[in-house]
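For clarity, chains are labelled A, B, C and D in written order, and residue numbers in each chain start from 1.
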Amino acid sequence: MKNKRIVIYVAFGVILLLSPSFLNAYWVDVLNNVGLYTILALSLNIILGHAGLFHMGHAAFYALGAYTTAIINTTYHIPILWLLPVSGLVAGLAALVVARPIIHLRGDYLLIVTIGLVEIIRIALVNNVFGITGGSNGIFGISRPVLLGWKINKPWEFFYLIWGFAAVTIFLFDRLEKSRFGRALNYLREDDVAAEGSGINTAHYKLIAFVIGAFWAGMVGNIFAAKMTIIAPESFNFWESVVLFMIVLLGGRGSIPGVILGSFLVLGLPEIFRQFATARMLIFGAFMVVMMIFRTEGILPPLPRKYPIAKVLGREGSV
Amino acid sequence: MELFIQQLTNGLAVGGIYALIALGYTMVYGVLKLINFAHGDLFTIGAYLGLTLLTTLGLTNYLGPFGVVIVLALMVMGLVAIVGAALERVAYRPLRTSHRLSAVVSALGASIFFQNAVMLIYGARYKVYPHDILPRTAIHVFGLDIPLIRLLILLTSIVMMIGLYLFIQRTKIGTAIRAAAIDQGAAKLMGINVDRVIMIVFLIGPALGGAAGLMVGLYYGQINFTMGWLYGLKAFTAAILGGIGNIPGAMVGGLLLGVIEAMGAAYISIAWKDAIAFCVLILILIVRPTGLLGERVAEKI
Amino acid sequence: MSTLLSLKNLTKRFGGLVAVDHVSFDVETGSIVGLIGPNGAGKTTVFNLITGNYRPDEGEVVFEDRSIKNLPTHQIVSLGISRTFQTIRLFQKLSAIENVLAGCHCRMKAGSLAGMFRPPAQRREERQALETALQELQFVGLHDDAEQLAENLSYGNQRLLEIARALATQPRFIILDEPAGGMNNQETAALIETIRKIRDRGITVLLIEHDMSLVMEACEHLVVIENGAKIAEGTPQAIQNDPKVIEAYLGTDEE
Amino acid sequence: MKKVLFFALILCLMAGTAVSAGTIKIGLMAPITGAWASEGQDMQQIVELLAEEINAAGGINGQKIEILTEDDGGDPRTAALAAQRLSTQGIVAVIGTYGSAVTEASQGIYDEAGLIQVANGSTAIRLSEKGLKYFMRTCPRDDEQGLVAFKTLKSGGYKSIAILHDNSSYAKGLADEAKALLEKDGANIVFYDALTPKENDYSAILTKMKAAKPDVVFFTGYYGEAGLLLRQKMEMNWNVPFLGGDATNNPDLVKIAGNDAAAGFMFLSPPVPQDLDSQEAKAFMTAYKKKYNAEPGSVWAVLSGDGLRVVAEAIKATGSTEQDKLVAYLKTKMDNFPGLTGQISFNDKGDRVGDLYRVYKVDNNGKFIMQ
């Protein structure tokens, strides 16, 4: 069973890696969007999937990262990729400040507050707050990234940048969720009081989950800004947060393969349904309902973590 | 002062509509703990059905303005209630025992579906109600002109809220709804047909949403297929503000949200109005984590 | 013997109700102490006050000569007090071993970055935690169920799993809230053994229990509360013969 | 699950190969879904109607044209995808789109692909200031309209002016242009703020605006909101004149406001075919009514029709589908081509030249009367 899964993942990875060679620029660009949303949804997955916090405002952090990049790049002409950590830091810091007072809110109250956050940020951007966001025009003229002397411009070039970043994210997040930190998030998701009673600083972990999620979303914002070269507040509206929320839940809360598949479905299906023209979103909506009914835990719910129990027991026996 | 009172009435009129939609949200939430994201679209459907009935049935030939409104309201509420019940049956019932977030995705899917269905059926352009249905008289108080219909909207919302409250508190079905809201399992053991209770909730909630849609159509005239999303979000905010699951809370939350928006627009900035409303909401929730009238349940350990 | 935990005039009110009313008693290091009283007497509230789930309105909780009444729960746990819950609060969707690993959490250091980059120290620590967790499972006799989901265990085994989780925090003081609840006689007898073994590891035990056979057999010292106030304290024999206790508690509540 | 993926793959392949040969392909990028779906669907109807007419008349130089429509959803990210998709399908030029921010997200992609883009509703100034070779538009620019607005307000003799926009890229741009010109001229801007589009109740805003006592209100947003503003303004018995920008040019405005509330409302707009007595405009009106049994919506959708017509004309005149030749023709040789919205010529930047704007006033019967 486990081997079969690995074979599927490897095959998927190889096909994905080679896909720019047989897809046209349009489909490569669709995959680029899927990639960006995969990373975003993975970062939301830490907060929503693992820590179980109802966070429907992830686009706020994504926006902060994109705007940080855009503002610094267009005013000081610092190369885009250097700004990757800066964007992450700004978003992460914002999360730290914002999340602290609201983190204790229960389920749906937290949901509406995070919706409020993303709306406040969007309205601030539209109203050209501090005169640096360019209002509803947004910011344009963002430069293209240069990686090791190679200017990234074409869809297939972005494809490798984005999916490379996605691969790193998947690798790190997979380790993260199989560590003390990942477990702590699951404990507090399952039972806040029992987690605290087992010695877990739940408030701290909720906060850190927010910060890590926001940090990553900020970095995705950086790549998004570089790809679009123009960013406007409308790209970060509440609906984007809803899309991310749907990806995580449709794919499977707390499951990395699930989230990746969720991104493919939520971003890819409307593109595939394009031939239905005006009815495409109707079909998409119906699809979501049907999918949830037949796979209530998401399409690929997480597998339980494995521990080398036999190994440890065996060693103990020999001592 | 005059300006203040004028803005207060502006806010209350808008708030009355928020409150009416929020009532439906809160009822469904109270029993199922489900945020019915498709509720706003039921509101849209109410507005469109109202227009269709109004233009096809020719009620204005037989009835006076208020007769038309009442007949129309009953029909719209009935039809939207059926849509709501069907929605529950198809999209929510299969998910009742699973994690509550799964139902949220189903609700979002249903919302996308309804919105696009309305667009496909009625087209994407604005639709407009006939202008001459309701009398456009205004009453004069404190030197202000307050359109009569605004007062009627507010009044209707309050009457519906009180009616709903009495229904929940005083009738047998209401008791069953309250019981199911507290503990579905225990309610079942007490011989309450929980499926039926949920069905009733999904008849009443959407009916109220549909009524709100009709009201918006009749008063403002202009309707479009995306309007449910915005109103739905506002009503959800209102329900949370008042304490979700709490019927007077939805009313208070709706009216308060309307007033905060109007005051924010009047005294701070129009462009920042929604941000101001959300800031107030966040501040209120920081101080009262379960909303204004929400019960503070100390968790039993 | 020295005093490990000392409650001084502990008081907690919920609205108009005085749930705990000026309760004072000491727990000696290395003892097994029972807290008994009729339903609704405020026993669990006393526990919640010790573990920081509730804040006392008056009074003092002193653990190893240090006031802990304003510390958050997780910090109290890391000082060496751990507990089980009256209504079982396991992480039902997680495996038994992960439930016990939760207890190891407070003795570990690796943060999120270490989780991502896995330096050798982090790997050692994970290995160590896994060993500890397995030992604790073995201690309560659940090592064969390590990979079972908590929700699939029997009621009695869930109680034991909670104890294993509490032990994994490496406490000096453990609080058991009705550990025999839902257990049959055989299981209860085994539980008494386990409680003694816990004490033999040098861990002081405070427990709430309605099963009088367990209380009388396992406990060396009893504290009786009624309506939030302490009415008696002493050895099981003394308590059994205390007329006040018989009237308030044993006379009415014994099955 | 595997079946779903397989099905998806098949669909992808189908989508990639659905291209037939032997025709001149022209793209249309329009907001078919989303908030501006009504504009996009109108654009599609008009462009398809005109393509049918061209084909019925034997095509261009004997070749039929084929319209490939892509939905940009009124959203920059979707637009970038739509642009990628169109640029891989062997088209000669692309018509569209509506919103400026949306156009902006697609400009670079078309430029890199060497495709001509003829925008129809994107009036932001900067779109044609980037020096993109293949970008053109049939609509006028915001600065042009700002100037006309200024002149209209000045000639009206208004001293205190309220300006209201909706914070969209377009409306804010126009509001800023007008405000700057008015302030330079010494007019008193007593109110300047933005409403939230797509709401239904603007009475709080009107109440606040009324307290500022302006002589005139200049609203730069869209017709839906304008209709409601007019209606609610009448309800509160406030008789201030309203001037609207070109996005208010839509017959639905009167439907929303009602005849009595809309009467006297003035707006600026390029002329719609209804008001032109050119042969092209009349023929178009007849054909549109015949096919769709309605009047065309806004002028922006009609401008997409003009986009198609100028491209067709360029192909016909040059006898080529090479983008460089076509652009050269459009920018330098095309002179007062008879469009559906008047005569069309382009300057070097690809902007349409000529005084396009007219002032319209709504009469008591709800008709738009060109002044």
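Note that in this section contacts are C-beta pairs under 8 Å (C-beta built on N, C-alpha and C of every residue); 3 or more make two chains touch, one makes a residue touch a chain.
Small disclaimer: the values here were computed from a predicted structure and weren't measured.
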- From chain B, count the fewest steps through touching chains until chain C is reached. 1
- Task: Name the most central chain, where centre means the mean of Cα atoms.
- Result: A
- Note on the structure: Note: chain D sits from chain A at a C-alpha centroid distance in Å of 35
- Message: Distance between chain A and chain C based on Cα centroids, please, to the nearest Å.
- Response: 40
- Query: What whole-Å value do you get for the distance between chain C and chain D if each is reduced to the mean of its CA atoms?
  - Reply: 72
- For chain A, write out the residues touching at least two other chains, lowest number first. 126-127, 193, 278, 281
- Note on the structure: chain C residues touching 2+ other chains are 53, 85
- Item | Overlap residues in chain D, where contacts from two or more other chains coincide | 33, 37, 41, 167, 194
- Message: Please classify the inter-chain touch graph. Allowed labels: line, ring, star, complete, other.
- Response: other
- Item | Chain pairs in mutual contact under the definition given at the outset | A-B, A-C, A-D, B-C, B-D
- Message: Residue numbers of chain D touching chain B in their complex, please.
- Response: 33, 35, 37-38, 40-41, 167, 193-196, 198-201, 203-205, 207-208, 211, 224, 227-228, 231, 235-237, 252, 255-256, 258, 297
- Message: Can you tell me which positions in chain A touch chain C when the two form their complex?
- Response: 172-173, 175-176, 178-184, 186-187, 190-191, 193-202, 208, 212, 304-305, 307-309, 312-313, 316
- Item | Sites on chain A touched by chain B in the complex | 54, 101-102, 104-106, 108-109, 111-113, 115-117, 119-120, 123-124, 126-127, 193, 238, 242, 245-246, 249-250, 253, 278-279, 281-282, 284-289, 291-293, 296-298
- Message: Touching residues of chain B toward chain A in the complex: what are they?
- Response: 29, 35, 90-91, 94-95, 98-99, 101-106, 108-117, 119-120, 233, 236-237, 240, 244, 269, 271-272, 274-275, 278-279, 281-282, 285-286, 289-291, 299, 301
- Residues of chain B that touch chain C when the two form their complex: 298, 300-301
